[in-house]
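Two complexes come next, and they have one chain in common, chain A, joined by chain B in the first and chain C in the second.
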Partner chain A sequence: MSTEQPKRAVVTGVGVIAPNGLSADTYWKSVQEGIGVLDRITREGCEHLPLKVAGEVRSFDASTLIEDRFLVQTDRFSHYAMAAASLALDDAGLGRDAPEDPFSVGVVTAAGSGGGEFGQRELQKLWGQGSKFVGPYQSIAWFYAASTGQISIRSGFKGPCGVVASDEAGGLDALAHAARAVRRGTGAVVVGAAEAPLAPYSMVCQLGYPELSTVEEPDRAYRPFTAGASGFVPAEGGAVLVVEDEDRARDRGTAVRAVVAGHGATFTGASRWAESREGLARAIRVALDEAGCAPEEIDVVFADALGVPEADRAEALALADALGAHAARVPVTAPKTGIGRAYCGAPVLDVAAAVLAMEHGLVPPTPNVFDVCHDIDLVVSRARPADLRTALVLSRGLMGSNAALVVRRGDETAR
Partner chain B sequence: MNRRVAVTGIGVVAPGGTGTAAFWNLLSEGRTATRGITLFDPAGLRSRIAAECDFDPLAHGLDPELSLHADRYIQFAAVAAGEAVRDSGLDTAAEDPWRVGVSLGSAVGGTTRLEHDYVLVSAGGQRWDVDHRAADPKLHLAFSPSTLASFVAERFGARGPVQTVSTGCTSGLDAVGYAFHTIQEGRADVCIAGASDSPISPITMACFDAIKATSPDNDDPEHASKPFDDRRNGFVMGEGAAVLVLEEYEHARARGAHVYCEIGGYATFGNAYHMTGLTGEGLEMSRAIDSTLDQARLDPTRIDYVNAHGSGTRQNDRHETAAVKRSLGAHAYDTPMSSIKSMVGHSLGAIGAIEVAACVLALQHQVVPPTANYEVPDPECDLDYVPRTARPRKLRNVLSVGSGFGGFQSAVLLTEPAGRTR
Partner chain C sequence: MSITELTFEELAALVKQSAGVTVAPEDLRNASDVPFSALGVDSLGLLGIVGELENRHGVALPPDAERSKTPADFLGLVNSTLTTGV
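What follows is the complex of A and B.
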């Protein structure tokens, strides 16, 4: 065994493209004020579908952040990811140019749905006009690896590059994957997830999810932990972080925003929500163990908050199982009720919110949720000031994955 | 914590026959399974050939419900995983389920099903505002490839880390690599690892047509996949799956399992160059190879065989030849390097796992599979590509390398099980 201190993976940059904000600052402003932006879907060709409400990214002009040559060959999901990556790199002070050692920076994204809108356009050309009308970029725009590849190429990052095409929980798995790459010696990893599932055919594909909310009033469509819980509302967008070797970050004088301290992942089967109690509790214990963190050290929980009664109950019970008596005291929040669930992007947005919450000493509220019917201290209505040193972020996927991530504040020095 | 990782089971569904035995027969006999496309009418396409699996799900123990509803790539994975688990002798019911993980790759996941239903809901590509009523109610299972790992985990009772990996054409190598890390770093003791793809559909064929990446040798499909040959003119699409059972070495030993080999190292880098283009230098792939050698503390001269990506595109085969020379130096000329894509085609995300399976079998049989159809040397590809005929050889350490759209460059190193005479 080496006596050398293990490397710590820290967050040095945060970039967000979300329905409630096109930067980390505007996202945080909306999140801490509890502003809900769920609304009727406005995308062309979706009007007649039985899914009416979602979290749309609006007023986003990709060309302000991404060069035309990249825009033409990519789907909206990659536009969001590339834009969020740019913002995260700026925030980390790494800039967008190739690093001195290109192999020192890698890229990892999670993706659940790929370039659906681009793909639908090309399918329409193929089946409506013929195979010769399919464009040269279909082969690189639709597939799940598009965002990682383009971020790597655009900035000249040759370090370990990866794509976790998992469930929602894959967003946390991607962060853990990046943190492990850093602990194995990579200087920094640009990591996150962004999704764009609001094109007509992509929406048709989601209609079969039994957990999908079809409530048509935006303020009532996604209300986890309440008696009115009726499923989840999809969203687009996501977040990208720069996860970096702590020593490297300190050497270049960059602020350490947070520490990626521990991760756990389990599987308990698609839509078997009662069983997710055990899976989630186990993931939490594994994450706490890796972080060397006692349950009582958790100062805030960012819940998965699926909005399905059985799943909400399982999550509340999992917290009690894993955190013991502390579960009744720790504040729990789910800012995603204000924007919907951006699949793999959702838990990365939560991690971004957790980093910002710790920095601001504020637990953000859970929009649209009142009258909590589970035994947790869910923060509703307005943000709650608190000294937050350690956050626990939870995520579950519709295909059965459970994940937990422990994030510590940047100035926490405990190893 | 760096634990050793053993390969204890193999399962393959590949063109030319289902099962590991049929797969190895094809490779060791140097036969090709490429032919005119039968899965759909390819009229109008530039490349109308592929390596297809003659696959009957019912004959391989999948229940009728699954045979009817699950996507083809998921059926492949289920059958390959079943064979791998049986082969490993692992009693999955007796394992701690929380210590069993799944890591499966797929480049395009449920695209074939997505395209099928797209045609129904769009009145044959006539409308943007698609009609949901015509779609299969289970279409959501094709929407995200996470269905792949989820389905296999469910089938074998895995409750540990379950991941679907989608790094394009290196998905299979990377899925094995992620599983290797998962066991090496202690997050699971057993991992069902591999990849599956069934991309032979109009949209996928058409998108590679559009960039002329696939071979147009429609009149001679058996000889169309010609890696490293100067006449090569693109890859031939394939399909299939391979799954390995990876296991912490002591865990395998304790239950008396047969250990095929160990995973000696894994690495992946991006070329940060172009989504589909490759440099002539092979620097990033070489770096991946070097990293695996470092991890195993192995001198480059100890490599006995390189299983090439060898897709048969002009640029790939030169790129990769340069990469291997860069890493192995003069030893590259003494090291056989072959491409099984000459026989089973290029099944996108699946092929990396199928190639790792081929390497495990090469180690087991001490035979190097050939590059079929290799006749005319390309002056820029001047290594020993094992033309047409399999070759017996003492094999201890074997490399499998791959490149993918997006710039991914990956390498997996397999080493003979420790304890054997070196």
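What follows is the complex of A and C.
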């Protein structure tokens, strides 16, 4: 009989490409300071659309970060994912080249809409010039799976790969998928999500969402948990992590930055925000259960914070349902109000923020939010020092997915 | 009709444009038996080059063009089509 302990999945690398920073360090500095970077959309061809404010990734030059042979066959959403993956691999000390055992590293990404900008360009050729003018890379560039495939090809990873297409909450589901692959024996998984929803076609697709904020003042457009909540603001970018087998990480002397401890996911239907209360509460309970974590152990909550009054209420109530009296005491934050919601990338950015928050002992604030009208301790204005050992990250998708992820501080859990 | 042969110069420019691979025309010429795959040109990249040539010259290239393994094979096939005007 084996007395071997089950494998644990830990975070050893963090890579971020976000509106407020093109590395985990710059992202964290902005998040910690509560700097809001929401601004008027400047992307070409979008000026006339009724969506005016978003979180744009600016000063990102794909041509300096990604080789030409990948650039010609990829959309902006994959550029962000590939750049974030490189940063995460550097951070984990794994390097960008093919590993000694290529089958020991896998890739999992989540995607909410694929490569809209690339797709629009090729479809314009189709209807403007004819089918012979559509480039062959259209067949792969727009596709949800593109980022997973390109990250694995670029670095020669041949371990288990996957793509999660389960709404915004898919960012957390991808992390859970990666953690399961690690527990089953894969050495490391490059996992995360990045999106590029700011292009004409992609933006038109979003205009039908009743939850979208069309407020034109950047600092008033996305203010969840307030009486002025008027919906959410989209963002581009995302984050990629390296999730690795704890023993392997310790053997190679890499810092264990956090443990992916528990995950839960449920579905309650598109735009049925009142019902998301029950779904989110169940997801939290399942995640706590898997993590072997009591509600009182949660030291900080990274909220979904949709910014729709009914959805904000449901989230506050779900926290009360799942955490009991602790829900009124635990600090809650939503740094995404400073950058917008990058769809599947949003919860992965929150996980990155949670890892960094635990390392720095600081709960970052919720930019642009001051007058909280729900019974939660939302951290606003400035970061709050706190000993953070365990974080709960929540995410909901516009199509009805709910997910919760429990992460624990790396040094807290050495065995 | 005018006969336009595909040159190594033009092929190098197409390889750059369609597949994102930088290769000097002389290198293509001197190592024209090196497989496209070794140059970093994948099958979709070659398909893009075929499509671009068809649009430029207003002719259909034979189905085998996109299955060519090397620049030498490709140039041979393309030029026999272009020069015979089939």
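Keep this in mind: the second predicted complex is superposed on the first by the 410 of 415 C-alpha atoms of A that agree within 3 Å, B and C clash if a C-alpha of one lies under 4 Å from a C-alpha of the other, contacts with A are read in each partner's own complex, and residues count from 1 in each chain.
The rule is simple: a contact is a pair of C-beta atoms (placed from the backbone, for glycine too) under 8 Å apart; a residue touches a chain by one contact, two chains touch by 3 or more.
Predicted, not measured: the structure shown is a model, and the values here were computed from it.
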Original post:
Is A:Q73 in contact with chain B, with chain C, with both, or with neither (first, second, both, neither)?
Top reply: both
**OP:** Look at A:P50 in the shared chain and tell me whether it touches chain B only, chain C only, both, or neither; answer first, second, both or neither.
**Re:** first
Original post:
Looking at the overlay, does A:K158 come into contact with chain B only (first), chain C only (second), both, or neither?
Top reply: first
Subject >> Between chain B and chain C, more extensive residue contact with chain A >> reply: B
Original post:
Between chain B (first) and chain C (second), which does A:G307 come into contact with in this model arrangement: first, second, both, or neither?
Top reply: neither
**OP:** Look at A:I140 in the shared chain and tell me whether it touches chain B only, chain C only, both, or neither; answer first, second, both or neither.
**Re:** both
Original post:
Should A:D173 be classified as contacting the first partner (chain B), the second (chain C), both, or neither?
Top reply: first
Subject >> Touching both chain C and chain B, counted on chain A across the two superposed complexes >> reply: 73, 132, 135-136, 139-140
Original post:
What part of chain A is in contact with chain B in the complex they form?
Top reply: 44-50, 73, 98, 102-103, 106-107, 111-113, 119-120, 122-132, 134-136, 138-140, 142-146, 148-150, 152-153, 155-167, 170, 173, 177, 180, 200-209, 265-270, 279, 282, 286, 343, 397-401
Subject >> In the complex with chain A, residue positions of chain B that touch it >> reply: 44-45, 98, 102, 106-109, 111, 114-115, 117-119, 121-122, 124-126, 128-130, 132, 135-147, 149-150, 153-154, 158-168, 174, 178, 181, 185, 187, 202-203, 205-211, 213, 267-276, 284, 287, 404-408
Original post:
Inside the complex, what are the residues of chain C that reach chain A?
Top reply: 16-22, 40, 44-45, 47-48, 51, 54-55
**OP:** Note which residues of chain A are touching chain C in the complex, please.
**Re:** 67-73, 132-133, 135-137, 139-140
